[in-house]
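Have a look at these structures, which come just after this line.
Presented sequentially are two complexes of chain A, the first with chain B as partner and the second with chain C.
Take a look at the complex of A and B:
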């Protein structure tokens, strides 16, 4: 780890003045050094300071469990990191779009969300920016054809645009263009926290409500020197794992549906609902909305409800075991899953993939294990990995995680610590501070970085959903694959459009 | 005119959509659901027939002709199919070649209509359809040729009506091979799993559904109805082979035939419920396998 950067634990606060302000050359060199030593870029974002833009980088070091933070003033342009560090590519495109700071030498500089820059004083023609209108990469030649899919899809899914360059049934290149769901969540949080802030976080990516709300709560707790009581922390862990159970089960069913394997598709569709209902049993919302709040949890699990939850969890798990057993035990399904959509370990590492997609390539990346906070400091959930990097690996990792999450919930439910579930409200946030909070959502690493101003209000709130890292992984997985396998690969990544678009 | 000859065709025209229903109910059973009502395909057809159609400005008369020619082809094919020991409306020597190519004529126009839209999805669907149809055709021909030699008869009606249960004792292996090949052709021609997934909403994986994405209203009703007729025609051939019941009474023969049709649909639904769809790359291997079965049958009967 480079000496010049500030080191933090997950969920820890630091004074802004302690974040080293480096020259661009040092900033660049330090980051590359960190990455070469096994770190990964958890967040890279711009923050307006005076007339210019200051870059903040958060690097996560899984081996030491530390996060390093550094900053540098960029001005209107700066030398791009991407040629040396591919995992910065999407971040740099975001910074260019949000703040007009141009990464010189970026190989693929295009908008990612199609909005006007946030910073005033930049040249602008004033009109709206139509999403999806950009120069797409094109392949020319005999027998090459282009297929455009979306943003309006046939299923009930979110909008996104996919451009395939194909030769017959073979895909040479896939380009993904998002931004249709951009709502301006990061901007809406500035000046907070206000009464709407937590609701914005819970709807940043609707299926990841608990993870985002937990990350936000940790960030706010760190900034206000507040802690969740033990019982609240355990409830957070339970909520997070229930969310994982529901979504992983739904995804395994959907994988079955995409290859036309009906039994698992139907059973898992119902079982996902059963898990969602367990969350509803605890807090009244199937998506866990309203359960996680700064300071702890807003709803307790009294003994009778904990017992009922445990019993219903056991029933659902035995059904999930049957449904998934059918899926992963069926030769015709395995023939479709294996060697489809392979991402190599090297590519996954270079792109900075996180979550299920990274673990399916054999990378041991799991915030619960590497940067444990809350209950995960006390109870470790083994990291589930698989080596092959294909659709099967992503399905298998989900199934392993389902079993381990269920075991974790069962273990915690019988040993819920006594005491309050939420700590007393604090006066306000510490001024001129920075806090980083990371949570392993069901898709992967959710990283929130909060910066406060002199008055203790949020000056910048950066949200990185795992989808932000992983969309490019999907594009790579499709190279030299059959175009008819795209829906299957897409489902195996199961990424969020709104979590990316924010 | 012999009115009895109209019966197989009339039965096909009236009952063909029921086969889809039986398949869907079977799949629903395996999925732990109740499934749609048995008459749902008829409701759907009635609904679609009551709707207007939208035509893209980029399409020409070819696009409008596609469903009509497709339906005409399917009805024409049905006229050649005997059932339950009753001869077909039309029967003449080597009519099974006409059967195969009238079926192909309908497909040809469906493909042209798909290409006429200029849509990438329809183009991909059309290309896959033509590729797989070309591989399914030899299997169909070899199987029918083996049957013709086996029964020493040249028309479909002659082959299927003249079939005696005793033939299974004599030539069982060859017949079984023919039935296996025809079953694969049935799955491929009717866009069933493991070749195609009729329920998918994923355009990139579609074959038959991909070609008809732009059709609506009456045109779509025609397409769905002709798909039903095609399923009926091919199923009728298989059922006549497997259950050559000649009880002497038309009522008993018909009951056995209809039960056979329902049983075959259940079998198709069971296949769909028990296995995933093949990767598109592997479909040719399945169809070539069907060709090999049929060729082997031909060798056995020539021996």
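Take a look at the complex of A and C:
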């Protein structure tokens, strides 16, 4: 790890003056050095300082469990990191769009959310900025054709625009253009925390409400020197794993549906709801709304409720085992899953993939294991990996995680520590500080970075949903595939549009 | 084949008898609130101002709760120790006009007598447009097609093409980036078109109300016939709304 950066643990606060301000050359050199040594870019974002833009980088070091933070002043342009570090490519596009700081030498610089820059004083024509209207990568030649899909898709799914460069049925390249769900979450958090902040976090990605609300709570707790009591921390772990169970089960069913294997599609559709109803048993909301709050949890699992949850969890798991066993035990399903949508380990590493998508390429990346916080400091859930990088690997990793999450919940439910579930409110946030909070959501790493101003208000709140890292993984998985396999590959990644677009 | 049959036996019959029987919702479920703001004192008034979406509105000195903005977080129930707001287990929330969502209101109105509603009594085809929410409303709309709710037994189905649809469900606050796509989808429906706004975002902008990135809900772009509040609404709340639309309830 480079010596010039500040080192933090997950969920720790530092004073802004302790974040090293480097020259652009040092900043780049240190980042590249960190990444060559196995670090990973968890967050890279701009923050306006005076007339210019300051870049902040958070690098995650899985081997030591530390996060390193450094900064540099960029001005209106800076040399792009992307040619040497592909995992920076989407971040640099975001910084250019938000703050008008141009990464010189970026190979594919274009908008990602189609909004006007936040920084005043930038030249702007003031006209509309139509979403999706931009240059696309194009292949030319005999028999080459382009397929454009979206933003409105055929199912009940979120909007996004997809451009396939095809030769017959074969896809040479897929380009994904998002931004249709952009609703200004990061901008609205500035000046907070306010009454709406937690709700913006719970709706950053509705199926990941618990993970985003937990990351936000950790960040706010770090900034206000507050902690969740032990019982609250365990409840957070239970809520997080219930969220994983529901979504993984739903995805396995949907994968069955995408290859026409209807029994599992049908069973898992119901079972996903059973897990959501367990979350509703705990807090009244199927999506965990209102359960996670700064300071701990807002709803307790008293003994009878915990006992009911445990019993219903056991019943649901027995049916999930049956449904998934059928899916992964059917040769016709395996023929469609195996060697479809392969992403190599090297590509996954270069792109900085996270979560299920990374673990299905054999990478041991899991915040619960590498950067444990809360209950995961006490109890370890084994990291589930598979080597083949295909649709099958992504299904298999989900199935492994379902079993391990259920075992974790069952273990915690019978050993809930006594005591309060939430600590007393704190006076306010520490001024001129920075905190990083990471949570392993069901899709992967949810990373929040909060900066406060001199008055202890949020000056910048950077949210990185795992989908932000992983959309490019889906694009790569489609190369040399049949276009008819797109739904299957897409579902195997199961990424969030709203979590990306914010 | 035998394995599939054995699995089918084990998984059992799971379809709800709704609307004949209503399943028991969890005790912490937050459904239709009952309000009596006359119980509030000055302290409550200050705390009620902290409603994240400003759903507790004050007009002519009378306080009311706007379900179209409500996120059902129950912060208002905690804000008034005298019990001005109490969330009940009632899941039926759909309303035919924006005003009917403001509590305490008048008696729930019946379906307006519009010829376009008569055509869909036995068959309702719906196209869903996801426009800028968090995908939770979409998730709980999708749930209606699972074996638990089995939407098709009511003659209602979700279709891929707007050309095949009688009604449009809009979820989300409609970002500026989605405005054109929503307008085009609406125009692609054959007339007469029915529009259903599902969730706080589509009704009022929800937690994004006032953001310059969004239009502030479906009604800013297309005329809305039915409002189904919630954040997100429970699947039964959505189903109740759809059955009211077809005249089955």
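FYI, the second predicted complex is superposed on the first by the 502 of 502 C-alpha atoms of A that agree within 3 Å, B and C clash if a C-alpha of one lies under 4 Å from a C-alpha of the other, contacts with A are read in each partner's own complex, and residues count from 1 in each chain.
We adopt the following convention: a residue touches a chain if its C-beta (ideal position, glycine included) is under 8 Å from a C-beta of that chain, and two chains touch if they have at least 3 such contacts.
If you're wondering where the values come from, they're calculated on a predicted model, not measured in any experiment.
Of the two partner chains placed by superposition, only chain C is touched by A:188; chain B is not. Of the two partner chains placed by the overlay, chain B and chain C both lie in contact with A:154. Using the contact criterion defined above for the overlaid structures, shared-chain residue A:263 touches chain B and also reaches chain C. More residues of chain A are touched by C (comparison of chain B with chain C). In the superposition on chain A, A:196 makes contact with chain C only, not with chain B.
Using the contact criterion defined above for the overlaid structures, shared-chain residue A:473 touches neither chain B nor chain C, since it reaches no partner. Of the two partner chains, chain B is the only one touched by A:146; chain C is not. Shared-chain residue A:295: touches no atom of chain B or chain C.
Contacts of A:283 after superposition on the shared chain: chain C is touched, whereas chain B is not.
Across the superposed pair, chain B and chain C both touch chain A at residues 154-155, 263, 266-267, 270.
Residue ranges of chain A in contact with chain C, taken from their complex: 113-115, 130-131, 151-152, 154-159, 179-185, 187-188, 195-196, 198-200, 202-207, 209, 263, 266-267, 269-270, 273, 277, 280-287, 289-290, 299, 319, 322-323, 326, 329, 496-498. Across the complex, chain C meets chain A through its residues 3-4, 7-8, 10-11, 14, 25-26, 28-30, 50-53, 71-75, 128-143, 145-148, 158, 160-161, 172-173, 175, 177-178, 180-181, 184-185, 206-208, 211-214, 231-232, 234-235. Touching chain B in their complex are the following residues of chain A: 145-149, 154-155, 168-169, 256, 258-263, 265-267, 270, 330, 332-333, 335-336, 340, 482-487.
Those residues of chain B that touch chain A in the shared complex are 27, 30-33, 120-121, 123-124, 127, 193-194, 197, 199-205, 272-273, 275-282.
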